[in-house]
Every structure is written in structure tokens, then in C-alpha cells.
């Protein structure tokens, strides 16, 4: 299988605190990887560094054979090599946010067509067709003319997924997509992710839904204090925690009964 | 009493003069506000993005104009620029047109300079208030910066700025009364002349007040309507 | 610029600056709380009170300050009842008092609008949280609503404060000798219009820069993000 | 040699430019006149923008003498001088008093007229029956006196009536309103104002203090009467205006206008 993403020695510092401390991993096409760990461990930051919403302090991201690397110069400033790739990265890496971030002044359909028209340069008609098929995939096609505030959280997040899917991304980043949702709405969003995973999408997921992560993921990566502590299949990680940290985390989120 | 009023307003023609003054007020106010807004938008964006040097210059401009009485801005523009503009215009053979249109041009520019300073603050505040996540979403979809601004940031900021723009407009329409010093017979000046000559100051000042009030009331309604239209998608709050 | 005129004019204008500061200070000290009360009145559940406050704001925001100051000083003086009531006559009989009254009434309307929107924009949850703690309405207002609304309103109020200083210049039209009053006298005496205007503007700018800086510092002190 | 050549050609060019500039600004056959337009009897702009009044008569008389066309530009009093400086018009005819301070800024024609000045007070005021300037000066100490901003009268009160408390107004109508409201004890203005005011219902309780004060009585503060204002240094224009005004004074045109508007002769004789 083709390698989609290579993260190499990724470091991110805010001031003097290291949020990410040199993490490396690889992702193949069709893989689903969950980033886990207690809050503040750097999962979200790692995700946001991959499409450069956050500029890493140093390290290299290689996506579909193109690499952007960041190094620290003498004055302590980050220097980005191949910064021109960033837009190409973002075009083919979709991101779903915790707070949906749907544009409140655009309809459901408008939210989805926007990037099709202005990034992929589709005609308005073509964009609407593509958008509608993406929306039907998440079961939101009949809401095409609603505004985001008229939708429930779960529905909004499904639209956000459609917005990303319509772009036919090679990789999807999901940043805690269910943690802003009411419990009864979590299921509908997880169903979308599961369907995508089964259809062979490449997904990097940050989540607190451990059972779901276990079921859907090919691999799980555990981060603690910015360091990568374990990178294994779910079965392996649950059965043989590599460090004390992993063990403690697992016992707190998945009590023995599970 | 009523007969006197009739004679003053109709037979001696003050009603028409006041309406003409009101039209000048609206025209100058509208054009000045529009010009000010068009200039203020890019300046506010530069200020918002904290572009070095430009940012400080914009700040300085805004502080000076907002800190000095409007009358002075008009004086400086009018009496400071006549020679220059005139020389330029004369060289190109526009002598007459400049003589006649000059007060209007300077009037609009002066109002623009003043309203622009206030608009900058309003727009910048609104830009800052757009939730950052919405812009990140655009970024993550690789939308070009220009598109993100014109299709996401600006429309959202515009909605947030509307209340402030309304305030600036209300102030601008009243600031036009200062333009009379450059020889424009707008509403306030017409009222003052009428008050002086007919010796009925309260009548004419009250009429002027009523006309101003009418203008602001109409624009208030329009703004409320615009607000409702722009608030689509926000639960009509 | 003519140095003779400058040195001749500055002492007069400085005397005027004292009066300008006095008017502006009273405008802020009285206009600020007054505006907040009216702003609350506009959000009140009592319809009569709400309509009164709305009308007041519409009138004072909808007409030029010059007209307001004229009507208060010259217009009300034509009413016999006011002329013969010692308290009311004290209020509008004297130019300075009338000017302060006009400035307070004018800024009150604008301040009310600023605070009305500030109160409206407060997240409901924060207030409900306070109410849920069992705080009395007064307590909720002083400890939660007002401090939050103040932060929201400060940038707009800074502009309003600068406007108060500038609009106080209209007091010169009702015989008060503040900066502009002296400037007009000096101009008609010497005809050195531009020279005196520039000094005058510099004085206003100085006052406003100090005022704006002070409010900016306050804003920064009160802000949560440093 | 070369340098002097350059200087010469530079001088020649600048002369040419300035000649062109004056030719361009003062259009042939037109005299542009700045006037305030809201001063009753002196300068009144009607709703359609035509100017009538004493100032307008003087202006039209001058234009007739100079065989040019009059073009009025109506502007607030305070912006008349800077507007003339920036060439919005050529002369100011707006009841402008000639004083030494103002002569530093602008040039004047010869004075052609002056208005007699009077104090007005309430009929029951102790001021009402006074008979001389000295008496007024004593009695007015501690009293409030109103005048119009921009007139020379303000300085007359400041200098000659030191004890008085001075109030300044932007317009005559405001001054008379405050006098009627009782905010001031007395007001000092030109005769035309009082003829009008004392005839109104408001004026019924007031009276002129019977002491006629003329500009010539105190030229240091009251100036030398009304003149036509023009930009400094235009001797050619001044000569023309002086001659025209002198002729109008001599053949009674000024008196005629004065009688028409003020029912009184305010003419100042022309000193040759």
C-alpha cells in the first residue's frame, strides 16, 4: 500500500514549554489511526501541525511524496522549507473540528460548495452536484437550504464532514469531532466516521471515545507530555501497555469491566 | 400665526430652500460616508493584521482625526488645498468646473476623512470579533486568503460592524452641518440664514432639527432592515 | 505661523481649556451613570419606561447637538414657568450650567445605546450561572452583568469620551468661554484664523490623547487577555 | 555669469507664472465678492441665493463704477478671510470694521460708512436714564453686557468698560433673545439692530440709552468704520476701489443706500 503521510521528529514549543517533543509516525493509504492520551498531551496540536494551522517549531511532514520541513534558525525563528506546498497539502487533507466551524451566513449547501468553487474551480452547477452527493452520504441532503443555526450539533458536524468529503481528501484529520455534542447525538457522527473507514478512507482521529477508537482503528498512538509513548494495533496496545503512562491512562478511561 | 408661517415657508420660498439644503446634506453625507468606508476597509484590514508601520500610521491618523474637532479638519482641507488643486486643475484647463464644484468636492472629502477614521475603528473591532475557528475552517479547506476574506471574514464582520456603522452614519449626517464654512448651503446653513434674515431662529432651528430627525429615522429603519437581512443564519438575534 | 499671535493667544486658550475640561468632566461623571440607567431602562420589561427611554435616545441621537444646545438655552428660556422657577433658572439661566446639561443629556443618549448593546451581547449562560448561585438581582448586576458589559462597552465609550470633549466646543455658542469661545474671540480680533485654529486643535488633541490613553490603559487592565 | 543667467531666467519664469496665475484667478470683467448673507439689512441672501441689503448696494455700486459684473459668494463670517486668502473671491464686503489688528492680515479700502452704536437696557433698569459714556462706565461695573462675536464692540467693552462682565454671541438674534430673557443687563450693538428690536413685542420693555457712540470716538478699539477687505499687497485693486468708493460717497450713492436700509445717514466723508 502507498504511504500517505510521514511525520518526522515533529516538535512544537509555545514559549519555553514543549507541547510536542519530536514525534514520528507513518500512515498508509486506507489506514485509520487514533491519537489518544490525556488532555493537554499534544494530540490536537499534532493534528493541527500536519496541515500547518499550527506552524511546527521543527520537524518534517511528508504528504503524498511532498515534504515540508521546518527548522529552527540561529535567532530561534522557524524556517519553513517548501512553504508553497502548504496550500496543496490543505487541498487534499480535510479537517473536521470539534466546534464544527460551519460558516453561519451560508446555507448547508453553501458551506459545502464554497471550496469546490474557489479551490477546485468547479462550475456552480457541478459544485452543487458534488456537494449534494457528499451531503447524501452523511444523510443531510434534505437540509441543503437550512442555515447552520437551524441544525442540531450532530447535524452540523455531519455537514462539516460533507464539506470535507466533497473535496475528495487523501487524508482526513478529525479533531475530537464528537466532544462538543450531546451524548445522544454522538452516535450519528460516529456512524459517519465508521462508514468512511469501511469505505477505505485514510483518517487520523483525535478522540476520547476509546471503545469506538478501538473498533474502528488500525493503529492507536498514545501521546504523553508531547512524546510518543506507544504506536500499536488496538489489541496490542490494550493488552500490552508499553509504559506506566499508557497503563494508567487505559485504566482511567477503560475500567477493567470493558 | 399660521398665515405668517405660510408666507415665510411658501411665498418667500424658505421651504424649498430648506429641502434643497436637506438634499445637499444627504448627498454630501452619503458620498462622504461611502468614500470613507471604501478607504477605511483596507486600512482596517491592515490594522487588523498588524502590518508593521502601516498599522501605526493608521492608528495615528485615526487618533488625530478623532481627537480634533471636525471643523478643523474641514478648515485645513479646504484652505490648505485650494491653491494646489486649483493650480493642477488650471493647468489642465478646468478652471470653471473647479470654481463651482470645489466646495462639493472638498465637502465630500472632508466628511470622508472624518467618517473614515471612525469606520476604521468599527471595522477593525468587527474583524477581531469574527470567531477564529471559522477562518481556520476556511484555511484547512485551502481557500485562498483573498476568497476567505471576501466570502467569509468580511460578510461576517460586516454583520458585526453594522451597529457601529449605523452610529458613524448618524454622526456623519450631522457632521455635514460643519461643511457650511466652505460655502456649501446645506441644511444647517440654510436654516441659519433663514433664522438670521427672518428673525425666527427657533422656528427654523426646530425645522432643521425635525428634518435631521427625519433623515436619521429613515436611515435607522433601513439599517434595522439590513440587520435583519444580514442576520440570516444567526437565529435572528 | 506668526509667533506674536501664538504667544498672545495661548494664555487665553489655556484659560478656556480649564472650562472645556470642566464641561467634559461633568459630562462624563453625570452622563456615564445616567446613560447606563437609560440603557437599562431601554431593556426594561416595563413598556412605559422602555418607550420613554427609547424616545429620549431617538431624539438626542437623531438631532445635531447644536440644535439641542440652542433649544435648551434659548428655547426653554422663553418659557415663563422656567424663568420664574429659581432651581430651573439656575440650571439653564447660566450658560455654563446649560452647556453641561446639554452635554450630559446628549452623551447620556449615546452612552445608553452603547450599554444597551453591551448588555444584550452578554452570554445568557453567564448570567444564568450567577442566578443559579442564588445571587440577588442587584448582586447579579453589580458583580456579573455590569463588569462584563463594561469591558464590552469600553472601546465604544472611549470614542464617546473624545466626542464629549469635542462637542463641548458648542458651549461657545451660548456665551461660555471655553477653548473655542476664546478662539472665536481671538480670531475676530486678529483675523489670524489658521494660526489660532491650529493651536486650538492641538489643545483638543492633547486633551483627547490623554483621555484616550487613560481609557485604553483601563481597557487593558480590565481585559482578561494580557 | 552662468549663475546670474540662471537666476535671471528663473526670475523671468516665476514672474510669468505669477502673471498667469493672477490672470487666471481674477476673471476679466467679474468682481467676486465674499459676504456673510445672514446679517439683516446688511447682507441678506434670499432662498434663491440673491444677496440684498446695504452691503449688496455698496457692492453693486462699486461694480457699476468699475464696469464689471458682481458675483456674490455667501459664506459664514468666520471663514470669509481664509476663503479670500485661498482665492475663493476677490474682496469682502460684509460690514467689515477697519482695525489695526486686522490690517496686519488684510488690506482695506477707505472707510465709507459707520453705524452709530448704542447700549440698550430694560426700561426699569438704573442704566436706562444715563446721559454720558462716563456715567455708563461707572454704572455698568459688575453688570453683564452682551455683544456679538467678531465685532469690534466686544473690545470696546473690554477696554473702555473694564468693570463689565462680557458675554459674546454668535448672532444678533441670540443676543436680543438673551436680552429679552433677562440673562444680560445690557447689550451693545449698532443702531440698525435696535431699530428692529425695540419695535418687536419683546423689545417693548427695553430702551436705548441715549448716548450715541461712533467709531471715530474711539478709533483704537472701534476702528475706523466699514471698509472693503482685500488680500494684502494688491495696490492696483485698492486704488480702483478707493476711487470708486470716494465717488459713491461724493455723489450720494452711499447715503442713498444708507437711508433706504437704515433711515439714517451713516456715510463717512471721503478724505482726499
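Worth a mention:
Going in written order, the chains are labelled A, B, C and D, and every chain counts its residues from 1.
In the analysis below, contacts are C-beta pairs under 8 Å (C-beta built on N, C-alpha and C of every residue); 3 or more make two chains touch, one makes a residue touch a chain.
Since the model is a prediction, treat every value here as computed from it, not as a measurement.
Across the two candidate interfaces, B-D and B-C, the one carrying more C-beta contacts is B-C.
Each chain gets a centre from its C-alpha atoms; the one nearest the centre of all protein C-alpha atoms is B.
Taking the mean of the C-alpha atoms as each chain's centre, chain C and chain D sit 37 Å apart.
For the pair chain B and chain C, the distance between mean C-alpha positions equals 21 Å. Each chain gets one centre point, the mean of its Cα atoms, and the points for chain A and chain B are 47 Å apart.
The set of chain A residues touching two or more other chains is empty.
Contacts with at least two other chains are made by residues 75, 79, 201 of chain B. For chain D, the set of residues touching two or more other chains reads 78-79, 82, 174, 177. Interchain contacts (touch definition given at top) occur between A-B, B-C, B-D, C-D.
Within the complex formed with chain B, the chain A residues making contact are 51, 53, 87-91, 93-95, 97, 99, 101-107, 114-115, 118-119, 147-150, 160, 163-164, 167, 173. Put simply, chain D touches chain B in their complex at residues 21, 24-25, 37-40, 44-49, 73-76, 78-79, 82-83, 85-88, 171-174, 177, 196.
Taken together, the chain B residues at the contact with chain A in this complex read 131, 133-134, 136-144, 147, 151-152, 155-156, 159, 230, 232-235.
Across the complex, chain C is touched by residues 63-64, 66-70, 72, 75-76, 79, 118, 121, 125, 163-164, 167, 170-171, 174, 177, 188, 201-202, 205-206, 208-209, 212-213, 216-217, 220 of chain B. Within the complex formed with chain C, the chain D residues making contact are 78-79, 81-82, 101-102, 104-106, 146, 149-151, 154-155, 167-170, 174, 177-178, 181-183.
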